[in-house]
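One chain, subunit A, appears in both complexes that follow, with subunit B as partner in the first and subunit C in the second.
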Partner chain A sequence: MGKTNIFNAFFLGVEDLTNKVVKSKYNPFYYHGALPQFIMYILFLSGLLLFAYYVPTVDNAYSSLNLVNAFTSVDYITNKIPFGAVIRGVHRYAGDAMVVAIVLHAVRVWFTDRFRQYRWVQWISGIVLLIMVLFIGQTGYYLIWDERSLLLTRMTVSAFDSVPFIGESLKHWFMNGRTITNLTLSNFLFIHIGLSFTLLFALWIHYVRMTRPVITPPPALNYILMAIVFAVVYMVPITATRMADLNATPTMMDVDLFFLWPYQILAAAGPLGYWFWMVVIFGALCLVPLPMFYGSKPVEAAEVVNDKCVGCRLCSLDCPYQAIEMVPAPAGSRFKLLATVKPFRCSGCGVCVGACAFDAIDLPNMEDAEVTARIKQLVEA
Partner chain B sequence: MGEVKTVITLICERAADLSSETGENGHLASQPGVKVVKFPCSGMIQPLMVEAALSSGADGVIVCGCQIGDCYYREGNKMIRDRLLGLRPPGLKKADRRRILALWLARPQKDRFLSEAKDFQDYLTQLGDPAKPAAKAPAKPAAKAEAKPAEKAEEKPAEKAEEKPAEKGEAKPAEKAEEKPAEKAEEKPAADKKSEEKPEAKKSDKKKSEEKAESKAEGNGDESSKKDDKKDE
Partner chain C sequence: MVIALVFAVVCLVGCLGMLWGELHMPTAESESGTKVELPHTIQLLKMEGPANHLVESFNSQREGLARPLTEKKAEGPLGEYVYSLMLGLALTAGALAVMTLGSEDEVEKTIIPEKK
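This part shows the complex of A and B:
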């Protein structure tokens, strides 16, 4: 059975070329999961700074000279606060970078075959994380409260309204009332920030089945990423827009495809078509790990030889997938701890076998005693 | 020296793809003397297996895993590398570490493996027969790379000839050892030239193996002092 296919080979080839240019410690392909994590920190920090000056209201009585609402507060940040435009640009483009980084991460995970069997929790939680990130970005676009925001809000309301049974409630939840008011915008702010913090919880699930997940790119890569973001911020300044007017009906304008591609679908296919496509796309993504699509042989989990285990914990510490747990040794044992394998988390890699100095754990189809015998046999052959 | 050196290769299934070269008995067709044992992951390799190979008469052992940073099972290659370097238990006990070569190769790098295996066999030919157990200096636990110029200065000129294949033009020992007093006592300085040169030779040869390893993997900055400028050829 081939362990690789053409896509995997493509990645390996590209990564090999990259390894010739930089050391593998700095190869960005090996940090495809860590880069979105770092970008999240950039977003949290820049978002915090924007939050300091943002006002979530929609009032736009033109007669007032000192009008303070969401749009004017964003305008104030962009034009009056020193480096406000930079922070806003960083927040916006780091968000786009986040979507790009997540998609690249997912692509590499898929093509290098790291999503199946014992890794399914990571894949499904990754899909959930992607949906959350997309929605957070969309609420970010509503918060500016310009014409585009109003259009997007109305489109979202119509999409929610079309959901059977719960559509009406969803719509009222989303608008925080029956119409768009100040409460709506403070709801958007709550969703934007609250869901961002919920990302941390979802990330915990994403990481929980891995020991020592790689979540920190080397500083050099972080600097390069920041430099790219700043370069984009200066080269592509955010264009000014017009304040939303609840009495007007704005039409479709330039949209940021990274986050707003669902709205293109919504505009093209209508609300029901939109839900159909969203369910199909994300449902298909969730089904990717199903074994029926990839004829992989079932994992034969490692097995502990209970009488030989001394409870040294090395297998448990070394296991890359949190599949070995130390439990109190049975009464009458000389030792305090006993290793146990959780078979559904086991990948069959054998790192535990390599860690054990007491011959107390084995892969059922490849016992280390057999291997050692084979090695000796080969030497003498 | 026409004798073919026996090299046992412990390789993982997802590293360099040798299946086209390997006969059913595990012998490499294109490289006589090299025999291959496959594992699902290089992390499964026990240092005991490496020692078993050497003590039953193999001239050398190649341990081959995926590129550092790209283990299919996340950490297996780092695990075996740390075990071989003595950074992680269990470790090597009595093996002559000059005879162990660690390679971190991606799947398409079969040719790289073959050329490294050939170089390794040439090197083993120069090393001569495996030393008797009493004369072998024990494996030293390796600290992270700290250059030890003082030890390097102790090198005898005679070693240089032996180390030429090992040297890649850098005069830094590989990793360094906390020399345990117990281990020093085991060396038999007078009788066996090898044991004295072993610390340096071993360092430089382990360095050689690490350099080889790192020159492929440009691995982990942990051992980076010697390979700051090493690029993959």
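This part shows the complex of A and C:
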């Protein structure tokens, strides 16, 4: 086994300290992937409650007591619906918590080297999930339809417009027309909700190549997470804003750093600079699993001893990574099937070696004789 | 053992906070100074005096917690945010209670079969 890197050692040390305070069953570091999943449930439920009263229109040609548009419906939810302000706060801060949880999850996965080789699917799908979550959160800010929403919408339109060849089409798709109308807000609502449900499909891709993924934290951790969200709702309450006016040009806004940081890049660097930095940042993240960027030896895949394999399929059935495929045995063989290993899926765990009763599969860097000798050494010690 | 004791104390404080929050619920959405309608049973038992005193006491505590919200220009009924804080405290107490008093079954016991 090679040396653990310094970051891996740091995380193991912190987890060890945490285990001294809480039982390992409740150690939050062991559920860094499951916590964003639970936060997603909170977002779905609170979003459903908000959606019940939301009206996706921008009409404000005249102001009256009976004006019903997106802004007044959000205002109605906040001030008239029982606990509407709290539900709105829970939805907003659970979204922020989700971004924090995803980034912490990515940091731990990276520092503990869990992105290499066969885990590249999880890493790339995780980057895609992060981009989806960021865009969903941004569309959530458009839906309020206050001055900030109008400013963000116009900035996004200018960013799309700058894309070569397809910019004009992107802009019209985004606004659902040539100008901002009621159809624009309907489009934002569709993107916000539709993309949220598409997250479930993207999560399936994220999980499908994992063996026994932990996707539900224990209830105690869920309670603490909810408690933190409720406490933040009290400490940072929802404040009043002004309705968007299509004839005005708002310039100032409070920026939610968790979701709206790309807009700061857009404001600072302009549309082309924005796309340059987005491609660089997310492109670089996608390149992380490439072997050329890390120095250690890749995992050596298991190897089948063809002469001994009888095609019993035990190794294929037991492999947690679906890395062993049964193929028709070559002509002249007494048996029907032969096991073959897909090296890019193999993690070198050795379950197949234990499953095989015919000594027909082995790990090249840990052969049976060597393992037996080591066990004997330990027993005699 | 010390950590379990600390958790137990926090759990107790949380339970009291939760009880405070539950009793406070009827006034959570009312504006300050609004008279709260007491249940008929309170009137039958001729306990309006102590009950009104309790409500006034809750209102003054609620105003203390709601003052920071007013300074931050919070939108919506302020009592709801206070209730949210109490709910957070109750959830924390519940989590600590579960973690402290959880059963032993999460510890895996390895059973080594005897050779016959």
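Basically, the second predicted complex is superposed on the first by the 315 of 381 C-alpha atoms of A that agree within 3 Å, B and C clash if a C-alpha of one lies under 4 Å from a C-alpha of the other, contacts with A are read in each partner's own complex, and residues count from 1 in each chain.
The working rule: a residue touches a chain if its C-beta (ideal position, glycine included) is under 8 Å from a C-beta of that chain, and two chains touch if they have at least 3 such contacts.
All values derive from a computational prediction rather than experimental measurement.
**Q** Looking at the overlay, what does A:239 touch: subunit B (first), subunit C (second), both, or neither?
**A** A:239 contacts subunit C only, not subunit B.
**Q** Identify the partner contact of A:227: answer first if only subunit B is touched, second if only subunit C is, both if each is, neither if none is.
**A** In the superposition, A:227 touches subunit C alone.
**Q** Quick one: subunit B or subunit C, who's touching more of subunit A?
**A** B
**Q** Pick one for A:82: touches subunit B only (first), subunit C only (second), both, or neither.
**A** Touch status of A:82: second partner only.
**Q** Applying the document's definition of touch, where does A:375 land relative to subunit B and subunit C: first, second, both, or neither?
**A** first
**Q** Where does A:114 make contact in the superposed view: on subunit B (first), on subunit C (second), on both, or on neither?
**A** In the superposed model, A:114 contacts subunit B only, not subunit C.
**Q** Touch test for A:19: subunit B only (first), subunit C only (second), both, or neither?
**A** In the superposition, A:19 touches subunit B alone.
**Q** Looking at A:278, would you say it contacts subunit B, subunit C, both, or neither? Reply first, second, both or neither.
**A** neither
**Q** Just to be sure I read the superposition right, which of the two partners does A:195 touch: subunit B = first, subunit C = second, or both, or neither?
**A** The answer is neither, since A:195 touches no partner chain.
**Q** Just checking: does A:301 make contact with subunit B only, subunit C only, both, or neither of them? Give me first, second, both or neither.
**A** After superposing on A, A:301 lies clear of both subunit B and subunit C.
**Q** Which residues of subunit A are in contact with subunit B in one complex and with subunit C in the other?
**A** In subunit A, residues 21-23, 25-26 are touched by subunit B and also by subunit C.
**Q** Which subunit B residues qualify as touching subunit A in the complex?
**A** Within the complex, subunit B touches subunit A at residues 6, 8, 10, 13-14, 25-27, 35, 37, 39-41, 43-46, 48-49, 52-53, 56-58, 67-70, 72-76, 79-80, 83, 88-90, 104, 106-109, 214, 216-221, 224, 227, 230-232.
**Q** Which subunit A residues qualify as touching subunit B in the complex?
**A** 3-4, 8-9, 12-13, 15-16, 19-27, 30, 112-114, 210-212, 218, 314, 318, 320-321, 347-351, 353-357, 363, 366, 368, 371-372, 374-376, 378-381
**Q** Would you tell me which residues of subunit A are touching subunit C in their complex?
**A** Result: residues 21-23, 25-26, 78-79, 82-86, 89, 219-221, 223-224, 226-231, 233-234, 236-240 of subunit A touch subunit C.
**Q** Touching subunit A in the complex: which residues of subunit C?
**A** Residues 3, 29, 69, 72-77, 80-85, 87-92, 94-96, 98-99, 102, 106 of subunit C touch subunit A in their complex.
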